[in-house]
Amino acid sequence: MARKIGVIGIGNVGSAIAHHIIVQGIADELVLIDQDTAKVEADAMDFTDALANLENHTKIIVNDFSALADADVVFSSIGNIQLANDNQTNDRFAELPYNSAAVREVAPKIKASGFNGVLIVITNPCDVITALYQKYTDLPKNQVIGTGTLLDSARMKRAVAGELKLDPRSVSGYNLGEHGNSQFTAWSTVRALGHSISEIAPQKDISLSTLDQVARDGGFVVLKGKHCTNYGISAAAVHLAKDIIGDAHSELPVSNYRAEYATYLSYPAIIGKNGIEEKIQLDLTEDEKEKLQLSADFIKQKFAETIAQDQS
Amino acid sequence: MARKIGVIGIGNVGSAIAHHIIVQGIADELVLIDQDTAKVEADAMDFTDALANLENHTKIIVNDFSALADADVVFSSIGNIQLANDNQTNDRFAELPYNSAAVREVAPKIKASGFNGVLIVITNPCDVITALYQKYTDLPKNQVIGTGTLLDSARMKRAVAGELKLDPRSVSGYNLGEHGNSQFTAWSTVRALGHSISEIAPQKDISLSTLDQVARDGGFVVLKGKHCTNYGISAAAVHLAKDIIGDAHSELPVSNYRAEYATYLSYPAIIGKNGIEEKIQLDLTEDEKEKLQLSADFIKQKFAETIAQDQS
Amino acid sequence: MARKIGVIGIGNVGSAIAHHIIVQGIADELVLIDQDTAKVEADAMDFTDALANLENHTKIIVNDFSALADADVVFSSIGNIQLANDNQTNDRFAELPYNSAAVREVAPKIKASGFNGVLIVITNPCDVITALYQKYTDLPKNQVIGTGTLLDSARMKRAVAGELKLDPRSVSGYNLGEHGNSQFTAWSTVRALGHSISEIAPQKDISLSTLDQVARDGGFVVLKGKHCTNYGISAAAVHLAKDIIGDAHSELPVSNYRAEYATYLSYPAIIGKNGIEEKIQLDLTEDEKEKLQLSADFIKQKFAETIAQDQS
Amino acid sequence: MARKIGVIGIGNVGSAIAHHIIVQGIADELVLIDQDTAKVEADAMDFTDALANLENHTKIIVNDFSALADADVVFSSIGNIQLANDNQTNDRFAELPYNSAAVREVAPKIKASGFNGVLIVITNPCDVITALYQKYTDLPKNQVIGTGTLLDSARMKRAVAGELKLDPRSVSGYNLGEHGNSQFTAWSTVRALGHSISEIAPQKDISLSTLDQVARDGGFVVLKGKHCTNYGISAAAVHLAKDIIGDAHSELPVSNYRAEYATYLSYPAIIGKNGIEEKIQLDLTEDEKEKLQLSADFIKQKFAETIAQDQS
């Protein structure tokens, strides 16, 4: 059967995802959905104008929720980056009221379509929004995933790889917890050059706090220069989608529901056609466990507040 | 040797080109140049944050003209779309004063780098700017190419394919002349379903003027909805670059210098590692020849005016 | 839904098809079927040993006809090249008794699986075998296609492109009829450099008979040097499969049932997810029509003989 | 500059490498060299017949050593699998006399071409032959690499991934030493599911000796069923070439010269455009160190014997 992917929210991130998919030929049918009809039709036409010069053919469908019925993967890339930018601390929670309202509008339409694939949530604040989508679509928890710290982990790998002069793909390890201010690199999981980073970094005269700083500074460079991020996140999101469609059973750190924390948060899991195929149990340090608990508590509280507001 | 590509002007088009190249792994080294340092560094960092989740590794270099010395291809995607949008008729010539000034600044830097590959010009008005680049870089004419009507031809193919329910790659033919208001589809060259379009269209109850209209309407949809075009043009530009680097000797309609018209204008040519490898001679109808002459005259006049202003 | 492809017959051609599919990531699930269990399990294990070093994940299933139930495309690449080689004239009909027996064995198993995708037949003699598969699987005629002269057309394009120093993809046109000795290039359909080949060849001091000879000589070089052909044919077959899965509606010359000739034979058609989506009607010359009729008569007669033998 | 790759020895492995490269568009120019002129010309023609149906254009050059002058990568896939098969234990050393003679013939021709890229040696016995190539081409040691245990590591990953139901790319770790009977999996380096394999295997009721057995059994299945291996090894070889051309600085276990063992043997290293960019130092167990020393001693002895014979 053809591969079918939906993208809801065709802003900076959604259009980068669509561009990546079309250019690489990752979907046979691509459903683009956005409330700004003129904009999404413009992007769709622009993509169609690209087809004569591309290697792969992609069928593009616009603003038809019913077309999601047999989609393999649907992305939520809804967002209002302006709200995040207006807020001087760039807090992803500045978008929460707007985005949670969007979920309450969109989720029932996804559900009504009969969609039974995997929903990948990019919309921020990612963990809370992922939990909301799961609640309002009624999809099994394994079929609703947030990109979470897959991006933060990529940034950590970029920083470590940069300092060690390596391919980022030759650095392993995870950022955990909230895709937000309480996230952290679980340094005990990071490995490069055949060693734990805690062994290799001192040999190279690098401290973990420097690596933390380099990773964070990269984020500031992006934020300051373009007021959004779209290529790093879209690469992460598409990677996830490919592993779902290909049933790869790969290990990726994404926002998934962890019963012991009673919340969605980012923790590595095995990814396949059912979304989360298997949970992983890391051996974190006491300090990392504490940070993760704090991050979990924060997400849980924000989710509870959001639900409470919804019901009031 | 590694494939090296430069992109000068990282706006909507330049960043879409860079995204396409990185996602598909088309270059080993990518040089991004823009006068807005914060923006180009942000895009470069964002692309670097994508690498951990991509299949190919791309080295990204920022704002270093000297790195163009051994590039295979350099794109000029400089532009000021705001100027074009402010102008209600969306005349590409609204950008000419700004863009021709940019060429006079950038071309000497390209030349100084020792670049001896193929320069692909997307900057509008494409044909005049291509001619200016050739003049100011002193590169041989075959090494300076404008994307020209490669995009217009793709739009024509999209329109014809849409009406005939075909893959746009199964429609052949060209739009010729200026990449601007005087361009036209040379219908005598268009073929689909094993026939000339003039035979097949009536059988399908379609008129060529309808096809013209559908192609144009698509452009309006893009313009109205997103105030720019980037995916269609970047696909065309990257297609051209791949055929140059791979020395494909493919036939594409691009803006190239035609001695009989004494100007750059779009006309199919054979594309390879030297840029234009061979000229093609079409059998156009009298009407098409006339339109092409008018288009050529217009470009020549605009080029002469621009040069005259430069020297005054 | 994941893309699923079956390959029946894992000899030189079948394994080249599987290799192409796995390396490029064209299927999510690949079903390999061959009567030589040890050989097909060896290839499957060898492919699995490749996965750690590839960009895409492919699930490989061996010798399970029931797994074809939900396949998009199934290839028949059964063959006994030894029989063809033993026969000094390399007549593809030397394989007919062996291969038609194979069809009678395999087709019911395909049918029993519930397969309802598109069957692509490479097994020679291609047109007769395609007709047999259609008869014995009871699939609609549009869902049973032979690769036919898609390979011969590629060889013609290689020859023309070689003489004109062009990318073979910049030559258009078709070889028609039987994928065998009665096939011919319909020169009236061949175009390059913006012209009909009959106009351009003399300008380049090339005769059509030289081009015919160059195309044929290439075939002899392959045959003499490796006693089989697999890369050209597998590229053709995979191209066809991609256009089917992607519902591209591209135009390709393949063996399809033409009612006016009451037989399968190669003639361009529009390819999509239903296999043959639309028939094309060429304007052939009288000479070409005659050759095609002869080719059709030959295929029909061979098919009738084969059926007669089956029933005796 | 275009990417140029040479393949010397177009047997089962060399042709699979060439097929992979052409299908994926990994080189712009591909030089195929084999002493069986008719066979290599047949493969080249067959590949050329594929081009009309592929996405990328590849220029193919046959039996011209001088064309290697500016190649990025040259593979040696010379071999005589018959010799290995005749020997009942499938000892790769059965091929040594034949293959070392081939090196003495081929290496001077590579040297004479002026080639200064990276030579990737697949020819068995891999470590000894790699050392011979380095000696006879006089290339710096970092520019001569054997694929070594990159294949054995892939097989180990396949086995571990199979038992744990994972993507092989989500298993990390290395096989070390000789690409031959003395190689071994350094289990202390193997990780999956966020843990060392020594922790995770018992949880899944799997013993390391079972994993060893599964990896080895896979090899036997390939050997028994097809009397050669080509897809696993070609994927490993092409992976290596891509990381060299892209200057990826990735970490891969390959046969490289380790001064402390005074021999070529497989040990992870950082791969980039200079071949070996950096050495890695693992923390092996005492048992693993002992096995590696034995493996090293064996290779050194075989190399010394070969050189002694050459000079006698």
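Note that the chains are named A, B, C and D in the order they appear, and that numbering of residues resets to 1 at the start of each chain.
Assume a contact is a pair of C-beta atoms (placed from the backbone, for glycine too) under 8 Å apart; a residue touches a chain by one contact, two chains touch by 3 or more.
Labels paired with UniProt names: A, B, C, D = L-2-hydroxyisocaproate dehydrogenase.
Bear in mind the structure is a predicted one, so any value in this text is a computation, not a measurement.
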| item | value |
| --- | --- |
| Interface with more contacting C-beta pairs, comparing A-D to A-B | A-B |
| Furthest chain, CA centroid comparison against subunit B | D |
| Inter-centroid spacing, subunit D versus subunit A (mean Cα positions, whole Å) | 37 |
| Between subunit B and subunit D, centroid-to-centroid distance (C-alpha), Å | 42 |
| Separation of subunit A from subunit B, taking each centre as the mean of its C-alpha atoms, in whole Å | 34 |
| Where subunit B touches two or more other chains, by residue | 57, 161, 167, 169, 243, 248-250 |
| Subunit B-touching residues of subunit C, taken from the complex the two chains share | 55, 161, 165-167, 169-170, 172, 189, 191-195, 199, 243, 248-251, 268, 270, 277-278, 280-283 |
| Touching residues on subunit C, where the partner in the complex is subunit A | 1-4, 25, 28, 56-59, 70, 72, 242-243, 245-250, 273 |
| Contacting residues of subunit C [partner subunit D, same complex] | 16, 19-20, 22-24, 36, 38-43, 45-54, 57, 150-151, 153-155, 157-158, 161-162, 167-169, 171, 218, 221-226, 229-232, 234-236, 238-239 |
